[in-house]
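Take a look at the structures listed below.
There are two complexes below, and they share chain A, which is joined by chain B in the first and by chain C in the second.
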Partner chain A sequence: MGALQGGGGARPLPRLLLLCAACVGMARAGNWMYLGVVGVTPLLPQGDQEVQNVSTSSAVSICQHLPGLVQQQVAVCQSNPDTIKSVSAGARRGINECQYQFRNERWNCTTGVDLDVPFGYTLKRGSKETAFIYAVTSAGVVHAVTQACSSGNLTDCSCDMSKQGLSTPEGWKWGGCSDNLRFGIQFARQFVDAPEKERHKKFKRVRNLMNLHNNEAGREAISRLMKMQCRCHGVSGSCELKTCWRSIPTFSAVGDYLKDKYNGARQYKRKKRSRSSRRRDRSRGRRKRRSRRNRRFPVGKDELVHIHKSPNYCVKDPKKGILGTYGRYCNKTSRGADSCDLLCCGRGYNTQVVRYVERCHCKFVWCCYVKCKTCVTNVDVHTCK
Partner chain B sequence: MTTSAIGGCDADHRVLFGAIRQWGNQEKRGRVGVAMGRASSQRVRAATAVVTATVLLCASTPVSAIQWLALSRVTALAVTPREQVTPQACESFHGSLVRQQVRFCKDNPDFMDSVKRGAIWAIDECQFQFRTRRWNCSTLNDETIKEYKKRMKPKNTPETVMVSNKTERAVPVTSPPEALQSVKPNSASARDASPLPRTSARRRRGKKRKKSKGKRKTGVVGLYPIVPQGVVLRAGTREAAFVHAISSAGVAHAITRRCSSGELDVCGCDRSVRGVTPHGFQWSGCSDNIAYGVSLSKRFVDARDRKLVQRNKARGKKVSSRALMNLHNNEAGRKLIEENMRVECKCHGVSGSCELKTCWKAMPTFREIGEILKEKFDGATEVRLKEVTGRAELEPNKQYFKKPTEMDLVYVSSSPEYCDYDLNSGSLGTHGRKCNKTSRGLDGCDLLCCNRGYVASQERVKERCSCKFHWCCYVKCRTCIRDVTVHTCN
Partner chain C sequence: MSFLSPSAPAPSSVMSMLGTKCIDKNYKNTQWYWSRGKQPCKSIGDFDSPIVEEQMISANHIIFSFQIPIPKDGYPLDYSRWQQNLIAMLHLDILYDDEDEVAPDAVMTLDARLGYSNRGDPEGQWTEYASSVEQRHLDCCIEQKKPGYMYNCSHVPLFELGSLHHDFYLLNVRLPVDMLDTSEKTGMNTKLGHINDMWVAFIHQNGGFTKVWVSLKTIFFPIIVAIMVWFWRRISQLSRPPALLEYMLMVLGAALTLLNCPLEYLTLAFDCPWMTVVSDIRQGLFYASLLSFWLIFAGEHLMDDIERNRIRVYWRHLSAVLGGCLCLFIFDMCERGVQLRNPFYSIWATEIGTNLALAFIILAGVCAGLYFCFLSYMIWKVFMNISSKRQSLPAMSSARRLHYEGIIYRFKVLMLATLLCAAMTVIGFILGQVSEGQWTWDENIKLEYTSGFFTGVYGMWNIYTFALICLYAPSHKRWPKDQNTQSSTGEEIEFSRLATEPSEMSSLTAFTKKSATD
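Presenting the complex of A and B:
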């Protein structure tokens, strides 16, 4: 057994080390989002039956070898080793949703060239886009973890039983498997917020406060969109008996909600205080109270907050990590954000003719084959100059 | 974005040359004395610089090919003609028109006012379509020249301000005699030895240039849209393509309109639209004679570039891609009108029962043409010259792009950024432009101001409001004053 274990444990290690060597230089501490791009599967030991049942000792080693996690995240990972897969799935869900929501915008939520540091430059800024990324990935983690709980993939949590057996004001009784949002949120708070909290403790920067706020806004979005689902039982759906449970929203609904919040995101500007007023404050001993107040932004919990203006995403700027809109597909007839006018920033567009060869007018011929014709369609495709 | 009366550049020219002549006289006097002073030599140098600068601004690059658009500001051409354009008047346009165009003017004096009207429409439409863009189709006028002067003004000693390079070009416009007088004592006092032959040579060269230019530029110059040149000198940009297309369309449109109005003997309605339609109606009424307008527009507008192409071909030289591009775009503008002709009908019979319907073919409005052309502008194709068995053609720069149709705009050179002031490349910059703070489009402050930032200011707007109709018959309004926040680019 010892030999077997050694073999199973030793094999993934070089791979891990290789990955770490690649990451260490680039991965900024606390950028756990790469888990959504790279995934954990290449990092986790695979194959052998023995390793499939992840034992505690190997889980510990996995958690320690995941690059870019801060101490607390490693600790969370070690206490719930199964959840790390959900974290990865959640981050991916968030990134996919972000790319879907922004598919027509000048900034289209590209993760960047470097897979290990997704959104590298965008995260450095404190713009609206940064706010959205933080919110959507944190929401993604909540979503994935909660779903994993309900479907029984995690050992640490199950359905939300807190309401089981209680009756509703309408006289119904709670039953079924309510999604365990509380666990999801708590987990996300511990895992996702950890690096920001650590850095905030060290540097006391507004930036970290902003990230914390937006993480919370993402989680808040899910809890606000929670809905009740019911199923009728009884003779032909007569609803003699109804089972109701609370379920989390679909993630696209969360994406829509957050996109809406993105459009109305507030910019936080720190008021510049004169030296004299600062001195006055200090003499009156207000300092402590202010710092406590400063820990929060004066906006609602579900609002997105940013501190910097968004840059101009029109022109390529490798220094700022902006890809520009050159070569993007645009819609000639649209008037929205994906219109050639807005997307190409007035540079105009090129037209290409794309030939589609498709099978069409298919017919079933007795017996037994399908006969099709080939249809050729030429479509004009416009790309930004 | 204002346009002003004719003669901004031209007036500059004449006054300037006057000034140079006077300086020449002074120099003679100086030579009779002891030696040339450094100051006067400086002046001569300045004079040459002035001439070159003027030539640069008025005659050459940013605007070379569409000079006939200057007709839009010629007062000799009334838009509602009372009297015909005389051949002398045609001759006087020599500065802006090429020989063939002058001949056109003499042959068709009736149409010159339509040409002018077409030019006005074209410029107005161009400015309307591009009002929210960085390049907003500004014309070269007094204000632009003044701005140019202001920017080029060096900030050192007063004498260099008086007698130095390009700034001087515009000084005579304001007060030439003073400028000269203030220089005079200076030249008299400072008489250091200076290389005499060199200065005289310079002077001669300057004079020569002046003479040749003066001869050529006798007519109207200036006041056409500043069309950017692109990176490669004399290569046409997208913007140039648009201006060419809209102006040739403008002339065709205006001439056709005038024919349809029935004021002329030479042309009238289109008689070729006759017979019965497939729907059983009979053509009647006055169809716009677009073929006539197009042919005249072709003759007038294409003259310069056609001549260039023919001359190059005759001499066995390479055909200029710019000329081919202009011809293509001119044609595109005209073709667009032809393709967008529509049928307009009017019903007759008891209370519009349409027992009888009169239908005719009508041109689209010029605004529609402008809108379509603007779309074509966005989708314009970058082309390059390709010689196929002795015939020069334009083909897309990249093979996989769609080949432009007859109605698509083409261009040869990519446009500058238009962010900063650089008249030589045709860019006036966006400093001081008004922008829309909330827009994400091109007129938004971020894009229009090129990330330089903007300032907000309050502006007081006077409006007429709460208007009331009084019997009979006038409207009484109150004046309301409103404060509006205006954002201006830095």
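Presenting the complex of A and C:
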């Protein structure tokens, strides 16, 4: 948290510094994902409805108000303050998708009780679930930022004509702008990866590399799922001239893709190396050392990687942040992960008859007109013991 | 300075935009709804917003607003007139709902308005450019029928502007519903499912590409004009009337000059929505004259004893060219011609229009097929004649032999050059389609292939035409008198049919002639 104070120290804002001193205790370990749970709005100074029109000074204050960000994240936030709303929306999108994807599993992607530190211990664990959370939230940020750029809400998105060598605002008249995904990914790389990079610099641990890899895998997922559309507009509309562009996938598709990657996640095992091989390494000198840094662990950019095995999520273990499956609804007829046998870990289940009053036979007209009948059904609800 | 940049950017780029959902309980079709700047419209993030229920918002109160171009790097961009044209493609994000599936043949009715504004105008002052109520087919499918998943809908064409004259544009789109009709399944826009978002991809030509393109034209225009003047002066110096082939060369040159004429400069000063139609016509005229030229060139080199040299002889062949071009012209006028009046019009939107357009295109295809049959037959005949003439060549007198050798030689040169150019065009075209089809994403510097192809092909056909006019101009050199005395008068007459002896080849013929007399 020294990082935060350092950022504040650069500018003479004593009042803000005081405020931030209060929030130092609140945020821990550079976990920005709480933005998705808490949101930005409650943290903003009052009367700041129009975040679009923030002046620089209030932009600085917004970024200073957000606890739990490392120095680089504050810097990124300050250079484009409007994006922070998208970061929050993106994290929320990621968390919601995670909870949807894991709604039937023993671990159901719960964020835990402490809103400021979502996922709590799960993030520290280094298991498949950790990998998924990192990937899906990183993907969420890319998705939200890209979409905000496309809607014109975010005016800071870069035009990025680096390949033309024209960086002036007028440059777009020469060669147009790159698509917004590029900015989304660049932004996420700067913002989401910042805490891990900082920690990696300090501790050089495989854990941080794992997080960085999974963040990248989340971004890669969106990039790979982009759909291409083309339009012919040559002479008389012929395909002599064809222009293609990519459109961003829906986030549920990204969730499906990442869930698939979760199922096939690769575990990184540190190889125990003998003394002789270590000596051999040393004699080979620098070149070898560099290759060691690259890690001989062949894994695709889009694969999820974890280093530890998942714990048993059946039994409640508050110390490790495991809620257990007690009280979860299960499906008696299913044979999948949500079946009562699997979800309740063999402890059995209670059955209750619940009377549902539901809307049914709805007639819907976009956007907002719904006319439904009410149906009453009696449903057996099973909950795990 | 950017004018001098050696690499032209891609011909066009895309700005894909997500519509802002403006709401207005008292919607008026004279009012504009914009999302940025002073007094933006009241908008909602999504349709689950509590405002929708509180204020009883219905589809008729929702306006999707697109204010282009989108600002970048915190700087409000504006369109430049160098960017020439604007094409909009609309796309709907529709959520799946098992109780309310999108009908496979759903038709959506769009109430669209396009307005513009310029730098220096007071903020919020939008002038109407076009407005229309249009129908479009919605072609949606879904793989996983799960609630919360999106349909995969195809993009539908929304509008096409032939000129990008103004700085800013504002598009307001509504999908009004017939609330009285909701009981039946036939009501307007009642079968569209859960629309979540509306996207519009705006395609515009790149200013850099236009600059490179126009400068190419500016360079080629005077060159071709000069060579045509030179060519015509040569012809008028002859004692005989111009041959058909020479007329054809002039036509080809004229068509290319028309194509080269850098009319695009006009768009920088005036609003020229007709520019796309005109450039289509110009290009069509060039193609037509090039195709006709090939036909007549092959016909004039047949070397049988039929007197041609009149355009009427080729009416059957030329009618294929004319028919094809006419079909495409009518189709073009039906699509882009009507778009001059209503940019939102699309011939593909209605059943009849689609059939009509397809009919014209198929007819044009048939004409193209016919043309290629004619041309291949003619070329085949020329080659047959060449091989038969080859056998009898040694038996001929030297002047007659030289005459035929000259014909064979120049036919082969043109054949080779044409095939080379055509092959390069086709290969380039295929490569372009392939390279455009797969996205080369990521750090690597992407070679701007498409613009290279375009400028390359354009330059190549210009040089081709230039070379034709140059090489097939009549020679101002006379046959040396002493050698000419050897040829009999009977053989002299035969020259008249193809009296054009290419100047470049004259040295070659002279050489062969010399060796023959020695």
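In this text, the second predicted complex is superposed on the first by the 281 of 385 C-alpha atoms of A that agree within 3 Å, B and C clash if a C-alpha of one lies under 4 Å from a C-alpha of the other, contacts with A are read in each partner's own complex, and residues count from 1 in each chain.
The rule is simple: contacts are C-beta pairs under 8 Å (C-beta built on N, C-alpha and C of every residue); 3 or more make two chains touch, one makes a residue touch a chain.
If you're wondering where the values come from, they're calculated on a predicted model, not measured in any experiment.
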Subject >> chain B versus chain C as contact partner of A:223, first or second or both or neither >> reply: second
Original post:
Counting residues of chain A in contact, which comes out ahead: chain B or chain C?
Top reply: C
Subject >> Partner chain in contact with A:367 - chain B first, chain C second, else both or neither >> reply: second
**OP:** With the two complexes superposed on chain A, say which partner A:379 touches: chain B (first), chain C (second), both, or neither.
**Re:** neither
**OP:** Applying the touch criterion given at the start, work out whether A:332 contacts chain B, chain C, both or neither, answering first, second, both or neither.
**Re:** first
**OP:** Could you say whether A:357 touches chain B, chain C, both of them, or neither, answering first, second, both or neither?
**Re:** neither
Subject >> Parts of chain A lying in touch with chain B, wherever the complex brings them together >> reply: 312, 314, 332, 337, 340-342, 344-346, 348-353, 380, 382
**OP:** Report the residues of chain A in contact with chain C in the complex, numbered from low to high.
**Re:** 52, 80, 100, 147, 149-153, 155-159, 163-166, 169, 172-177, 179-180, 223, 226, 228-231, 233, 235-237, 239-247, 250, 252-253, 256, 361-369, 371
Original post:
Once bound in the complex, which stretches of chain B touch chain A?
Top reply: 133-134, 238, 377-381, 398, 400-402, 440-442, 446-447, 451
Original post:
Which bits of chain C are touching chain A when the two form their complex?
Top reply: 2, 5, 7, 9-20, 35-36, 47, 52-53, 57-59, 62, 67, 69-77, 79-80, 82-83, 87, 89, 91, 93, 97, 99-100, 144, 148-150, 155, 157, 160, 175, 177, 179, 182, 187, 189-190, 192-195, 199, 201, 203-204, 206-209, 211, 279-280, 283-284, 328, 331-332, 335-336, 429, 432-433, 436-437, 439, 441, 445-446, 450, 454
